[in-house]
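Both complexes below contain chain A, partnered by chain B and then by chain C.
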Partner chain A sequence: MDSLLEVRGLCKYLDGQIVLGACSFSLAPGHITGLLGPNGAGKSTLLRTIAGLWRPDGGEILLHGRPISRRDRPKVAYMADHTLLPRELTVRQAVRWYRDLFPGLDLDRFRAVSGNLPEGEPVSRLSKGQAERLDLGLLLARDADLYLLDEPLGGVDPVERAKILSAAAGVMEDHNALLMATHLVHDIEPILDDVLFLRAGYVVLSASAEGLRQREGVSVEEKYMEVFGGGDR
Partner chain B sequence: MKGLWNSAKWELRESGVLRGQTLFFLGLWLVYDFNAAASWNGSGVPLLLSLHLLTFTSLAVYRGLKWPFTGSFDLERTSDRPAWQPVLGRTLAWTVVIAVGAALQQAAFRLCLNEMRDVWPRIYSDGDQRVAQLESWTGWVPFLVITGAGTAAYVLPLAVTLWCRSGRFRHRATMANAAVWLFAVVVLAYLVLRSIPLSISIPACIGICLSVSIWLLAYKVE
Partner chain C sequence: MQFSNSVPIYLQVMEDMKREMVTGGLPAGSRVDSVRALAARYGINLNTMQRVCSELEREGLLETRRGVGSFVTGDWERLSALREEMAQTLVEAYLKGMAGLGFSRLEAAERLSGEEGDGGQSAGSQRAL
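Presenting the complex of A and B:
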């Protein structure tokens, strides 16, 4: 199967220190991949670099086999671990702002994912859960090839978490892929197709979740504990 | 070109300039200005009549420093909008706002000038000089110079802030750092450029800052 995203030898230095060290991996279309690793592993840096916010110091990022040009940028939809929407705008205005930036939003899908939000309320006054629903609704309403989610489950209750995961899984089609960074391995395990373990900026494992279960007889969470030193397996 | 228009439109909405309460407050303030100018006519009147312009210019400086540190700046960079559109769109938006401030100032000066010609020479020993100075601030040329200077007051902080977000310590840059650098650049620019006529230094400042901002945004900023 041709890969949708291919990352080859991606390096990133911040303040002279290696944050990403020659990361190489690929994402298959139609797959949800969990980007897992402890704090400071470089997950957010990797997502920000793929999204084009940070510039690689080495290596290349290929989408459908080609470097991501400016025109291709909207095909990569990025959601940060905090809302990037203008905080001064109301929810209604923020949706219009986002639609001007990324035309062709599927508003039905947006409403289905975000649920009821206080439309007249400024973004700055939304609760963490509401802001995440707004961000996720807008992100998934885009017709992107690659969705990048940085800690979308942090700070939301289990019911909200289940809704977010179900929405993320619901948007997946054969032509797109989703890469999600999180600490909550147990929660996302049911929807994962692949996993990518990152430690100190290096990819230490890139495998299929089902393969891990069949070949090694371990769940993703157990493998995570084994690799990152918390488990006795 | 749609990106240019959208950048300008949303910059004004994000800044709060187009908010109903802001416009209402500015309207009331305008009425107060004219009333105060007509009834008082003291030496503080020119400043009072320029307060809209000063407010708009201060807001432009603040937005120039703030925008590169906002989430919307990052999100905009993940879109297919070319770097010149957000920079030029925002600059045009602030040029229009500052031009409105300058136009209000001009209108106020013209409305009050006759009364000042009458009153100032009677209450100040240098009244005629004061009137002549105020007259020199009215007309198309001062309007264009003031609007140009206001635009430069937006693009200079923008260029400095984008430079802060492109330099060696870009990942630790804050708005406070950018403000300190801006102060240093303004002092340096004043020392270097004070002998150059405004008709050259203002367009040069706008041209250089815009080019640098677009280049930094396209190739350097993180």
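Presenting the complex of A and C:
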């Protein structure tokens, strides 16, 4: 299977410090990949660099086999760990605003992921969980090839989180891929196809989640504890 | 559905669907939901659900008719064989568990006849595996 995204030897320095050191991995089309690692491992930096917000200091990023460029921006949907919507807009207005920015927004998908939201309420008055559902719903409603999520759904309770994640998994098609940085290994595990473990800027494990369970008899969470449990935090 | 950690999820979902097939939740010949809908219901990704369906197809339990959808096999013999296989698995798990505690097969069998009418026992021994 040709990879949708291929990252080869990606390096990134910030303030003279190596944040990413020669990261290499690829994402298969139709797959959801969990980007896991302790705080400071470089997860957010990796996502921001792939999203094109930061320039790499070395290595290459290939989308569909070609070096990613400014023109690919609309095909890469990136969500930071905070809301980017104008906070004074109501939910209804925010959705319209977002649809102007990203034509082709799939409203059915938006509703499936975001669930019920108070449409007349200003974004600033939403609860943390509601705001996260709004953000994630909008992002996944975009017609993108690659979705990059940085710690989604941290403010949502576990029951609701499971529901939203199922809906998010349903967004996947053969032509897109999703890479998600998260600490919520346990909750997110059932929807992951693959995992990438990042430690101090290096990929220390790249594996299929079912493969781990099948070959090693361990869950992603157990593998995580095995790899990072040694006091990396 | 809560998943056990260390068993591949596709096997756990297959097991669940098989149980539905032999207990009437998914009757013989009935239509099953789309892969997408099933994935959402189980809270797993599409690729894993796809694998569940193709494995069930390979085992002759699901039949896909192009453009129509997937159906539980209408073959009663296949379903009753499935029920037998599942029972056999439970029996083996029970015997293995008892052997692990040092009971002979005979003792294990006697123990069972002493428990007549109590349906909770075998389910418990399966979970322990």
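As a working rule, the second predicted complex is superposed on the first by the 229 of 233 C-alpha atoms of A that agree within 3 Å, B and C clash if a C-alpha of one lies under 4 Å from a C-alpha of the other, contacts with A are read in each partner's own complex, and residues count from 1 in each chain.
Note that contacts are C-beta pairs under 8 Å (C-beta built on N, C-alpha and C of every residue); 3 or more make two chains touch, one makes a residue touch a chain.
Keep in mind the model is a prediction, meaning the values are calculated, not measured.
Q: Here chain A is shared; do chain B and chain C fit on it together or clash?
A: Fit.
Q: Examine A:63 and indicate which partner it touches, taking first as chain B and second as chain C; both and neither are also allowed.
A: neither
Q: Does chain B (first) or chain C (second) touch A:93, or do both, or does neither?
A: Only chain B is touched by A:93; chain C is not.
Q: Tell me which partner A:102 touches in the superposition: chain B (first), chain C (second), both or neither.
A: first
Q: Could you tell me if A:192 is touching chain B, chain C, both of them or neither one (first, second, both, neither)?
A: Only chain C; A:192 stays clear of chain B.
Q: Touching A:54, do we find chain B (first), chain C (second), both, or neither?
A: After superposing on A, A:54 lies in contact with chain B but is clear of chain C.
Q: To the nearest 10 degrees, give me the chain B-chain A-chain C angle using C-alpha centres.
A: After fitting both complexes on chain A, the angle is 150 degrees.
Q: Counting only touches as set out at the top, which of chain B and chain C does A:31 meet: first, second, both, neither?
A: In the superposition, A:31 touches chain C alone.
Q: In the superposed arrangement, which partner chain does A:71 touch: chain B (first), chain C (second), both, or neither?
A: First partner only.
Q: Go through the superposed model and pick first if A:136 touches only chain B, second if only chain C, both, or neither.
A: A:136 contacts neither chain B nor chain C.
Q: Give, as a whole number of angstrom, the minimum Cα separation of chain B and chain C in the superposed three-chain arrangement.
A: Once the two complexes are overlaid, chain B and chain C approach no closer than 26 Å between C-alpha atoms.
Q: Mind listing the chain B positions that touch chain A in their complex?
A: Against chain A, chain B makes touches at 6, 9-10, 13-14, 16, 70-72, 74-82, 169, 171-172, 222.
Q: Can you name the residues of chain A that touch chain B in the complex?
A: 14-15, 51-55, 70-74, 76-78, 80, 82-89, 93, 97-98, 100-102
Q: Using the touch rule from the top, collect the residues of chain A that touch chain C in their complex.
A: Touching chain C: residues 30-32, 162-163, 165-167, 169-170, 172, 189-193, 209-210, 213-214, 217-219, 221-222 of chain A.
Q: Hey, which residues of chain C end up touching chain A in the complex?
A: Going through chain C, the ones touching chain A are 3, 5-10, 36, 39-48, 51.
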